[in-house]
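Labels A, B, C and D are assigned to the chains in the order they are written; within every chain, residues are numbered from 1.
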Amino acid sequence: MKVSIIGVTGYSGIELVRLLLQHPKVDIVSIHSHSQIGKDIDEYLPHLKQLLDLPLEPIDSTKIMERAELVFFATPSGISKEIATAFVEADFPIIDLSGDFRLKADGQYEKWYKNSSAPFDFLQNAHYGLADFYPEPSSKLIANPGCYATGSLLSLAPLVTQKLIETESIIVDAKSGLSGAGKNLSESSHFVNSNENMTLYKMNSHQHIPEIMQQLQRWDKKIPAIQFSTSLIPVTRGIFITTYARSKEKMTQSQLWDIYREFYQEKPFVRVQNQNCYPNLRQVIGSNFCDIGVAYNEVTNMITVVTVLDNLVKGAAGQAVHNLNHLAGWPETTGLKLVPIYP
Amino acid sequence: MKVSIIGVTGYSGIELVRLLLQHPKVDIVSIHSHSQIGKDIDEYLPHLKQLLDLPLEPIDSTKIMERAELVFFATPSGISKEIATAFVEADFPIIDLSGDFRLKADGQYEKWYKNSSAPFDFLQNAHYGLADFYPEPSSKLIANPGCYATGSLLSLAPLVTQKLIETESIIVDAKSGLSGAGKNLSESSHFVNSNENMTLYKMNSHQHIPEIMQQLQRWDKKIPAIQFSTSLIPVTRGIFITTYARSKEKMTQSQLWDIYREFYQEKPFVRVQNQNCYPNLRQVIGSNFCDIGVAYNEVTNMITVVTVLDNLVKGAAGQAVHNLNHLAGWPETTGLKLVPIYP
Amino acid sequence: MKVSIIGVTGYSGIELVRLLLQHPKVDIVSIHSHSQIGKDIDEYLPHLKQLLDLPLEPIDSTKIMERAELVFFATPSGISKEIATAFVEADFPIIDLSGDFRLKADGQYEKWYKNSSAPFDFLQNAHYGLADFYPEPSSKLIANPGCYATGSLLSLAPLVTQKLIETESIIVDAKSGLSGAGKNLSESSHFVNSNENMTLYKMNSHQHIPEIMQQLQRWDKKIPAIQFSTSLIPVTRGIFITTYARSKEKMTQSQLWDIYREFYQEKPFVRVQNQNCYPNLRQVIGSNFCDIGVAYNEVTNMITVVTVLDNLVKGAAGQAVHNLNHLAGWPETTGLKLVPIYP
Amino acid sequence: MKVSIIGVTGYSGIELVRLLLQHPKVDIVSIHSHSQIGKDIDEYLPHLKQLLDLPLEPIDSTKIMERAELVFFATPSGISKEIATAFVEADFPIIDLSGDFRLKADGQYEKWYKNSSAPFDFLQNAHYGLADFYPEPSSKLIANPGCYATGSLLSLAPLVTQKLIETESIIVDAKSGLSGAGKNLSESSHFVNSNENMTLYKMNSHQHIPEIMQQLQRWDKKIPAIQFSTSLIPVTRGIFITTYARSKEKMTQSQLWDIYREFYQEKPFVRVQNQNCYPNLRQVIGSNFCDIGVAYNEVTNMITVVTVLDNLVKGAAGQAVHNLNHLAGWPETTGLKLVPIYP
């Protein structure tokens, strides 16, 4: 399948290149950007020298649709909705890695993204591609989930779908590496500010909150809200999420573990750890795995879920390829048998 | 005042040296260790060259009491209780940085430290030196609080003492740099394992849980338990604690902030941040400050407290000096006007 | 081809697993270690969960030769020479990643490794597998080059083979990440000691000095010695080498660049950078590339060569696979078209 | 003494505040900046909360000279020369931390800084404040040396002043942490680009080259040039310099060490390490020390000097205070007995 990538110079776009170059069924036929037009990609991204011999092109939907069979939008939120129209009207397959097509309820995008949303029918039509759960996309416009949303939802899915927890008790304490903050220069991503440091940002206002709520309520309408925090830790890649929720009933550590193990045993990219084992961040980096460990506290009746994923793979480009595999009807692990890079 | 340090080669001991060398009222007269005996300290710790011209000596309580007026135990838990007897019996002032004299209830030390405790009357007699709250030590045997305990208690004090939160709702998600894991070599503190990584450890079993509970219940007997997690982040120094608790009543962000500001306005080492500002880890490193920011979430009725401190200063050596100042009757900031080292 | 890996739990062994799992012509049939025998590898290395379903076995040369067609030794120096005998005597193919079979001159191994060497005829028979230069191994016992040696030799090859520099003027200032120090716990690899730090180690005594000299003199007997330093920098992977040498003749920056570009244009794993561009360490991590930039200083008549490689790939497991490809007669890039992981 | 700081929000300015707040003879009476005027400094730099209760003021030379007795310029190169005139004409004491007054030879500043220089007579009049060597400033306009220059000159002083090395053989391979690149946002100081990375920058063109040469030639006119490289390593603070030079005569390791030890024995801020010991970067951080280790290679006849310093202290603010002490006639260690912060 011939594909094009728009927004190839951002971190998600760069990672898409890495994954697609190793995908047996895909050829990248063109790459597109707002800047650096005409340059060979390796002048801008020297790690790609001798690996991708394509120039950076401007975004021309007609040309892209002539040459490719599917387009990835690895563009920032606010851009995807602007460039999607021509593709959507032509019913051309899109996998969008931004937040522009994820929120369905009227006014939610405006509220959380502080920007006007894509047309309402685009939002309704878009398929929310939580790839471990929806193997058959309902639309050719796929809204690839956010990194924090993916991790939070995979942490909570067994508990929420089976209604095992008190609905008001969910607290998600998420930590992310700096690549999650994107390639734009900012005070918070300046090495001297972020190295040896940790900061909580977007207190009670992160745009993944409504995305998580939308899906949780799809699983259980009674979940009223979640408490959700995001902090930056001084690593390049990776999301580490600690989720807390109170069990409705007393249980045991072993019962809790069985619930997770059974729930995920058919899902190739979710690895429930051995009992009483908790994943570390490094063990998934470079791969499409989401690793999960769970604990039950008899004293407080609280469940703790520890979840790790690579924000650029499982949280972005990897899940996009997973959705591509679903859309194309290939085995879901095609091109995604990535071994984590350790150490 | 002439002081001796036992356990000077551990991280807390090293930091005590740094602070005491800059303290205007103190002279270090001897330093003691289990190993490296006879060596000049700078052979072992080259950063101290030309700064502390003392040899490492074995631990001899008689000699120490002859030369010094107070002794610091910067020894690991399990050691302090072994070496304390002679000093306690002589009513010689001790500031112990380990966990050996913190827990008063029978059986608690055994349960959480997996070791036999100090004599019961030593435990009862010891003063729990949460220095911002107890300016007048009740005993010459001072149990200096743990780093996580200090941060958790300062996070919760305004809420718990004023009974503002639902008593079962407290969740503390604490993150620590690697110096908190001590200088003993281990898999988890091997650079290749901890760099670019994050790990949750001691799930539901950290020994600071009973220490925090003991003090919280001193403030409000109705607090039944807390959910408490500790994770390692790849920095050398610092503890970053995110605490969640549900407010009993609806309030506003501004009211919450006022509560904290007023509660801490007389305490020189606790800096409540400006409203809607949250501290980053780096802004306290090298200093005795504990910086706190607070948020109220109207949707969930949850309070989030973000607290940072330097585990080796406020969480160990700095608080020990603070307790020394209390014991000696000096102004509490004596020798502790340390400017954080930034960047 | 069926292969076995001895020493699979070391960093080179782990990386071999990653590369071989993605190699289209190879099956790993058994993995061997001195410890953890009987465990599934993913209990010990959780990142491999669901990827390599093999138990750790003891080292039994007969069994290995029955099941496999080639064996990798990813063992530390001093071990390989002990376990090699049975395989060598059976003329069974070995690719050894340690230093045990690299030095040919009598007494050199003893001098630099402080240990007795492998049998003299083994050393003479072994093929020094500098894979970019020797596509046809002269023996089934392949001594895979050291990481520093590989980088230093690739830095100097164009200058030394063409006799362009003053023979006494070579200075190699090499910097390595901590994975180069191996997985054994040590003071220098303790996070608190290595983070935010840099240290020069093995001053004038690194065991790669004779290895580099052996090959340089193979290219030009007149090179008498090199000045060679190694320092640890706080990164996990990667070697950054700055090499200095004085040009025999005045030249220009452009001429120097042409020399390198032409010299390496047929070598797929050496990427000479664009003129006046110098590689950064990150641009090769995860890949088998060695990237090189060169500068000529008109004032001092000195050439500076900046070279980067991933010590675990190009400096170990990747070059081992490269040698495997040579030995098996496959195209040299088979299984090695690894895209660097960036960011 | 009452002092003002211009450029207080840059890293050198911030560090000056830290040092001067702990200096027993100095009061900071005003702080000045180009931006953030009117704000309290702790709104901008939260680590200073409750420590420095001064607003940021615009730069007004008349007002400064009314209130203060000396002014520090912690401004970038190119700014100092613009604001100096009024102070110089009033013969008001200035300690300038930028490069604007360091180079005396006509045209050198223009060539290396790509900017027009300060007036020629200002340059001639300025005192180059290499504080370990010049305790009696020749002028009230003090040009504080550059960080790399300080480290390189202290590395080479014993060899050059005593004419022990071949004059053409000097190679300086210097590595710096990111704070050396300043607080301006740039691609190279973006966390995602600099973390886990190393880069050589300003190949053969660093502006400290002429500064080093000027002083070396003051010591020995026969030094024709040096080969000098600068690379960024992923640490916040610190410079690690490896210097190579060929000895004129054969010597021994012990003789070399004696030369350094004797040369520096009276200088309180230069700590020659024990024989065969080499400093690590961390052992000086936060302090005004420059630590040096030396090795002699019998095979190559090369001397290797390993030198570390904190670029913001010894390489900037600390040396500025050292020069202040010289100018004021106070003991040179006044306010500078800073214990390195370790770990």
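We take it that contacts are C-beta pairs under 8 Å (C-beta built on N, C-alpha and C of every residue); 3 or more make two chains touch, one makes a residue touch a chain.
Listed by chain with UniProt protein names: A, B, C, D = N-acetyl-gamma-glutamyl-phosphate reductase.
Given the structure is predicted, the values throughout are model-derived calculations rather than measurements.
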item	value
Pair exhibiting more inter-chain C-beta contacts, A-C or C-D	C-D
Farthest chain relative to chain D (centres taken as mean CA coordinates)	A
Separation of chain B from chain C, taking each centre as the mean of its C-alpha atoms, in whole Å	46
Rounded Å distance, chain A centre to chain C centre (Cα mean)	36
CA centroid of chain C to CA centroid of chain D, Å	39
Touching two or more other chains - residue numbers and ranges from chain C	11, 179, 192-193, 196, 234-237, 280, 282, 343
Residue numbers on chain B that touch chain C, as the complex places them	11, 178-179, 183, 185-187, 189-196, 234-236
Residue ranges of chain A touching chain C (in the complex, touch as defined)	11, 14, 17-18, 21-22, 43, 45-51, 179, 183, 196, 236-237, 268, 271, 273-274, 277, 279-280, 282-284, 286-287, 291, 312, 337, 339-343
Chain D residues touching chain C - in the complex, by the definition given at the top	168, 171, 173, 175, 177, 192-193, 196-200, 203-204, 225-227, 229, 231, 233-238, 240, 242, 244, 276, 278, 280-282, 285, 293, 295, 297, 299-300, 302, 304, 306, 308, 343
